[in-house]
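Two complexes follow with chain A in common, the first pairing it with chain B and the second with chain C.
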Partner chain A sequence: MTTTLAPPPPAASTKEEQPRSAPAPSRHTGRKLLVVLVLWLVAWAVLRGKQTLALANADTTGLHEWFNGIRDKVQLLGQDNWFFHGVLGTVASALDSFVGAVQAHVSTVVPGDWVGWFGVLALAMWLTYTLAGLRSTVLVTAVLLFLGVAGLWTDGLDTLIVTLVAVVICIVIGLPLGIAMSRSRRTSAIVTPALDVMQTMPSFAYLTPIALFFGIGPACAIVLTLIYALPPLVRITEHGLNSVAENTVEAGRSLGVTKGQLLRQVQLPMAKRTIVVGINQCTMAALSMATIAALVNGPGLGKPVIAALQTLNVGAASVAGLGIVLIAIMLDRTTTAASERSAPGGQRVAAVGSPGVFGGRTLVLEKLPRWATEDTGRGSAARMRLTPGGRRLVLGLILLPALVGAFYSTRYLQLSQFPDLSGVPVLNEITAGPLSTHINDLTDAVVNALTGVTNGFKNFVTSVMLNPLQSVMSDLPWWVMALVLLAVAYLLGGWRPAAVTVACEAVILGTGLWYDAMVTLTMTLVATIIVMLVAVVLGVAMGRGRRTDTVIRPFLDGFQTIPAFVYLVPALALFAATRFTAIMAAVAYAVPIATKLVADGVRGVAPTTVEAARSTGITRWQMISKVQLPMAREALVLATNQGLLYVLSMVVIGGMVGGGSLGYLIVQGFVQGQLFGKGLAAGIAITALGIMLDRIARYAAARYGR
Partner chain B sequence: MTRAPHHDPRTAADEREALSMPRGILRLPLVAGAAALALGLAACGGGNIDQSGSSGSGTAGGAKCGALRIAVNPWTGYVSNAHVIGYVAKTKLGCTVTYPDVKEEVGWQGMASGSIDTIVENWGHADLTKKYIDEQKTVVDAGLTGNQGIIGWYVPPWMAEKYPDITDWQNLNKYADLFKTSESGGKGQLLDGDPSYVTNDEALVTNLKLNYKVVTGGSEAALITSFRQAEKNKTPLLAYFYDPQWFFSEVKLVKVNLPKYTEGCDADPKKVACDYPPYALNKLMSKKFADSGSPAVGLIQKFQWTNDDQNAVSEMIANQNMTPDDAAKKWVDENPDKVAAWLS
Partner chain C sequence: MTELAENTRTTPGAESDRAALSVHGLWKVFGPNADKLVGTPDLELSRQELQAKSGHVIGVRDVSFDVAPGEVFVVMGLSGSGKSTLVRLLTRLIEPTAGTVLLDGEDLTGMGEDQLRDIRRRKVSMVFQHFGLLPHRKVIDNIAFGLEVRGEDKAGRRSRAQEMVDLVGLSGYEMNYPDQLSGGMQQRVGLARALAGDPAVLMFDEPFSALDPLIRRDMQKEVIRLHHEVGKTMVFITHDLDEALKLGDRILIMRDGAIVQVGAPDEIIGAPADSYVRDFTAEVPKSHVLTLKWVMRAPSSPDEGAGAPPLPDTTVVREAARAVLAADGPVRVVDASGTVVGVVDDEDILRVVVVESHDEPAPASAS
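Let's turn to the complex of A and B:
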């Protein structure tokens, strides 16, 4: 979706109880914050190390044990309880057998039994051509062939199957929900917090409970994917319907149409493009769950990624990760092209903006590179138009060879199972083996060249920034830190975020993991600072120079889509298992979104303003620091907010590379039975932390962002 | 990667029964005709349609095997066990083997609910044993794997060479300064790691009065990468690790001897001051599978090999980039006697 987030104002205008009349920033806020800081440091100096609520790794609290008890009960009941067995069990078996059946006909085909790879390819080409045009067809063909040559045919198609099934279910649930939310404020107020939790809660935290309810396998993978992919669709649908111009709706109403007619004939058609964006984002989110899904035996490309991680084979993990990235590009571009085709001529809603400043990850509307998305529709529009009848005739005619191909693929082994090309010159370079060897060699070279430098950098940041900050935030009585957070929330955002802060602090305290939460908070803040430093530098460069943008953007896209597991091992080799590594993993994940937002903000500064400033003869540096950055302040605030939430969503991965604290507890709870409850509590604590930070940032943004 | 079988060549009765199971992994073809075909073939029994393509090297035994679902836990040693057993079951018994990837706890759950038949390398798990074997009786023990699980503190070989007395825990404090890192707050760092294992390390450090801090690495990858870097760059490292582990065939880590383990010295987790007990790794089966009469039941019960055997297969998978099935085939071809003993 290349809806360049042109000036992000629409973001703030989503009706997520954004403070409408933000009080003007008090001039004394800065001074008051300083007072808080001084009091805080004094308290830290005096009360250091007391009442920190630190909990040893293997210790649990009553709440954790209580969660364990519930788990045990569910497990015991699972066999014959009407709900778990009857309802969830039936849903699970139905999903499992459905996916199994599709797999048997598309990906894991017994030769001679059903169409083989060649048939699947031919039919996919025909379908893409019908729906999305020639360029998309070329792309689909290239991606599918790459999957085949790289030996990822079965896994790649499995990923496609699981993703598409999940998206279809998302649409069935999400569209009505979004419509209901746009029509009733109360529904919206009830559902929105649930969506917040779904997006903020780390997937590891609910992995075990879901596996408990749905058993392992495709069903569980699909449910996991649903939880993560549904919110963007619902939010964007609601946003789309709400942003249909008021006077249009009014006009409709004045003609005396019923509510249903209004919805069907005015709102839905006008919001169609936005809803398609929602579906597109839903698809991307679903795809990003591919690796996690593999942990519960979900079929797909996550499996080779996880398998490669076990043997620390970066190359093999990268090849599978590349498969996921390519599928993302393929789906994104094809759905975009298809939607542009189906849109009635002239009705082109441009930027939709971000679907809400909030929402765990706004799943950037602008996730994929320009070259991968934009011009598809243009290409098809420029073609000669056929009459509907003629078009049908042409499509019918080209269906014939596709069917013939499909038929032959049931007859010949070579067309049924993707041939092994490792013996063929040139092509063998991109089969899994050699390709992963190249990547491994490259990684080794980079790691060897950089280890010395990176270690110095790590030690510097850790001792100058991380250790002092962590000490100040966690090595003191919990109530001091709680008061500090409360004061900051109040001073920056007013009483509303302060109220949220109190509630979230109570939850964190209740989980018994206050100390760990504060350590996690420290790492989150340090990571966010680094993210913003990088994002501002890169974003300004990209915003000012189109060429820089074209060069950098594909890398950003790659980092956003590739599973974090892939770069975990090189990160470990470079920085060892430390908190800093965890921070770097989070930075790698959050920089792309923040950079893109900054770049769009800088680009969005009115050219007249820039021109006027230039005429006064200021230097380039002055232009950036005095004009472009201040004018893009809103984008900066948005980028910080998003960067922060993205960082937080990587806490679990961070726990696996030395981050410790909440992230580690979640992973541990997932694999160790007796620590299940503690892991779940850690998941809740992260969610509370996320909601708290988001609200503070959002209200502060509303005050200072304009 | 593993390919899911197209048809479950179970008996038709099994199919019906499985349908009523809550979470059975069923792959019913959508098209009615294909479904009928599948059931028809399944009813014939033992027809190994999954092996098309190759000419089928199976010397299928008399008894029919059917589907065998071996859980695969996420470490390479386990993968070796699973694929060697799976390879033998497939080629010698004609089973249709699938390898669901799951974490340990989830694997136990799967056996209880009937979506998994067996776990072929189990590390203790007293709590799960109690719950599923003693209380629920949904899982049964299937004998030892022959592997000795050793958990402990290890240093890279260069350190053991340079500081020979480091392998005695009483000298650890002497070297604590070497192990200082950005994470350990002035003390020596003991890198802990894999979240799947219960460790006593925090208690050990306290009770043995060691000037060390336990730092969580967070994953097996973190531990192995750290050891690899430590040996290559000759940097100090003390970390929790375990054998059997393919990494031993790459870097021969040296174990630090903690006070000797005696029966019951680890009874109170807070007061532990002794080494980890040696684990006799075992295999597990779901009760239902054990009663099914499949010939694979006997194979799994009789399967036994040594740590060296396992590390050899793991090394092929991890370092030589072989697929688990290829590695299993190579080992099975080279060790016909051992395999024959499992099938007797």
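Let's turn to the complex of A and C:
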């Protein structure tokens, strides 16, 4: 469900800017790269340790100080300037007070306010039932109750509030924008590049500037979430409307529809399902960012996770992390169920349901008045189902008890504040304290049992890959590495990515964080290599075997719904706070998407080709290495590209658990006032790094991916 | 081309003073600067040459014809010959590059958006190869869609749609969704939707090509029946010669966007305009199509064949065979006014029926 979250595959969005017929890759590219490598190593051996531009943690450059000055100025302007105060300030305080009010009346409650926990639960159940059906309602109930019992009620609801407010704003902005883009090629041409940038930028990179303009707090959290979650919705809406079958649109035109009628009666209904999938993507992205936004003092479950990560308390981090994961599953399942219901002509599918599972529903149907139900007629087995009117009646009827529940939840303390269950025998075990102790015990047991393996692996990767690579990439004059990157960009992608590389290198140099950027780049490359190794092995196995695919794919889907932040917790548990931890979190985060892409590529090799190859008496290994992988090259390149971007964004977040370098600097920027400018510079450096890697990968993909 | 257009005036049915549809000098060139090409010598180039030279594709090349009210006018040609483009030009679903289209005397090519929309709502409807139904609406609401679009109230359009449901034989399925129906039934919905607005002209773009042969035959019968019942003017696109011969009052044969021949079925078979049409029609059982007009010869003496009852010259050979073979000698052939225009004997009939020869029988009386 979450695959479309990623920035679009390169072929789709860069078609125009690429040369019509990409020049055939020179046959000597490999040899030239080898020459570059040799020169690089020689330069490293000779010039090692000189002009590395390393900057101590507390040191700053003139630029950083200048940024600090800007911050001070912006903060001053925030008090009276028409733009900073009048516009941004108004938006910020409106969002702050809105979220604050909802929080005060919904998630943290005193009797007499809007709704207590019981009311929230009742209304949430009703809403879920209305939108997504019975199964989702059961899931939502279970998750909310768990949050309550585990002592996560307030934080959990805060996360939901930030997420849902952001999603609603996304829908209000994103749907009209997507519609406008589908109707006007020019709008699309203007907006698409902006969406590209929003999606390639690692989420960490824009924390600082947004915090500068909106101040830390709920408003900032919502704006961040908005930036991160809007692109998938807009893209998918545009795509959904554009891919409404051409012949249906033409049939509409032949009947003389106006543009508005076409949109309302043909395109929107037919694209409805796709648009709801877009809302699913948007929601998942919003949740992911809403937790990260805890860094800018956004309310919600991100906060206890950060607090626990900083004290290396895996148990406490896990409890909050579990809350996040459960919320993720809940939102994903609910929006997916809602999208399945909105299939064209789909009310019927959903309202009929699967008779085996909910036998009770037929009973309800028969008790309704005639006008409320209808027969599906001959074509399918005649089944009773609700007319829109009947549906409204049923929903209205069950809204009543929900409202009554909400009403009473404001009157009684027990229904208002989630009861403390620490005295209750069984439930006691899953309240916050005991639960985190259990998890700590369990983690200790697992970690102890695995110490040999995890340490061995960690030491192996660190000493064989990470250290040497980091040394040759960062422990040498900056200009050598800059030239190496430039040469690689040119050899792999031609002069366009080379030009981008020069510009990005200049920016990184300008931020004064060259050394840290190279360390981040090293971690990114190491993690990407590991990701691709895993992805190729798993992907080939899945692509070749249906059964392997059916077993593995649900896990990958599941992992993809987990917000990025949560990956830090198990990585921290297994590997303590080191660079390696960030790398492993990044690997875990990027493997699902890369594996799926490889698997689909291998599966996509034409069966006739495979059959023809088999008829020549090929071995299994030859089949993989000579037929399937070469023919899935496009997918491999795409998987690498996506893997790189996922890894980069996670490696940076890993700065919080010992990853160091750029990500760490961003976090420090929030913590220490005088390092603000440095954090902002780190964000810029990350963006430059991301754009550079993305461009090189895209152009290389265009060249070699066919 | 204009010569062909004039030709069509001589066929029966086209005599009424105003054609239902009149097309003159219609061009469609696809490509970035198509408009600038009009009137330049480039348009004289063949399709392939033009495409190689400037990347423009000629969809329709200088097409003119008239369709009489109530006529079934079939356009036929191989895939890629420009049929779909032509039929879309007729309602400006595709904008013409040059030329005029008169619908019931009104010039569509000069119309504004609103006027054009009104024409589409009231005067012409189309049936598409891939149906183009709305999957989120029930059959009855699909059929009523055109009425809804033009603003009719719910009760009115429901009852009209119900009539159409019954007319095309879908009674009992009106509450189903399109994906619950077979392909043939879905196309009946498409047909009903087109008929619901009571248009003067119906256009079909290969409506049955996606259907199985047996269903296709049913649907062809259905169209013939509907034509008898509602008597609409029809423009029918097909790549299937059998279908064209079965349905068409007249047939227009297209190739590379241009007209090769226009004529009644027996004219196409009896006097193919060139070797392209001849190859095309080679497999057709001629006795099913040719009329006596095409096989008779001039009487050798004034009273030859006087012994048997005369046959009209529009009789199809296959149907005349029994009478001619049963007669002792030649049989007289008369035209609509009863004037003797020729005679046929066993020999003339057998030449067509038995030999089904590859050389086309020349019309005997070149009057």
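Everything that follows uses one rule, which is that the second predicted complex is superposed on the first by the 457 of 706 C-alpha atoms of A that agree within 3 Å, B and C clash if a C-alpha of one lies under 4 Å from a C-alpha of the other, contacts with A are read in each partner's own complex, and residues count from 1 in each chain.
FYI, contacts are C-beta pairs under 8 Å (C-beta built on N, C-alpha and C of every residue); 3 or more make two chains touch, one makes a residue touch a chain.
In this text the structure is predicted, and so the values were computed from the model without any measurement.
When the two structures are aligned on the shared chain, A:Asn313 is found in touch with chain B, with no touch to chain C.
When the two structures are aligned on the shared chain, A:Met270 is found in touch with chain C, with no touch to chain B.
Look at A:Gly217: by the touch rule set out above, it reaches chain B but stays clear of chain C. By the touch criterion stated above, A:Ala337 is placed in contact with neither chain B nor chain C. Within the superposed three-chain arrangement, the count of touched residues of chain A is higher for B, of the candidates chain B and chain C.
Of the two partner chains, neither chain B nor chain C is touched by A:Ile279. Within the complex formed with chain B, the residues of chain A that make contact are 56-58, 72, 75-76, 78-79, 84-85, 88-90, 92-93, 96-98, 100-105, 108-114, 154-155, 208, 211-212, 214-217, 219, 294-297, 299, 303-304, 306-307, 309-313, 316, 413, 417, 433, 436, 451, 458-459, 462-463, 467, 568-569, 572-573, 576-580, 655-660, 663-664, 667-668, 670-674, 676. Within the complex formed with chain A, the residues of chain C that make contact are 91, 93, 116-122, 124-126, 128-138, 145-146, 148-150, 172-181, 190, 193, 197. Within the complex formed with chain A, the chain B residues making contact are 1-7, 19, 21-31, 34, 49-50, 52-53, 74-76, 79, 100-106, 108-110, 112-113, 115-116, 125, 127-128, 131, 136, 181-183, 185, 191, 193, 195-196, 198-199, 202, 214-226, 228-229, 233, 246, 269, 317-319, 321.
For chain A in complex with chain C, the touching residues are 245, 247-248, 250-258, 261, 265-266, 269-270, 272, 344-346, 348, 374-380.
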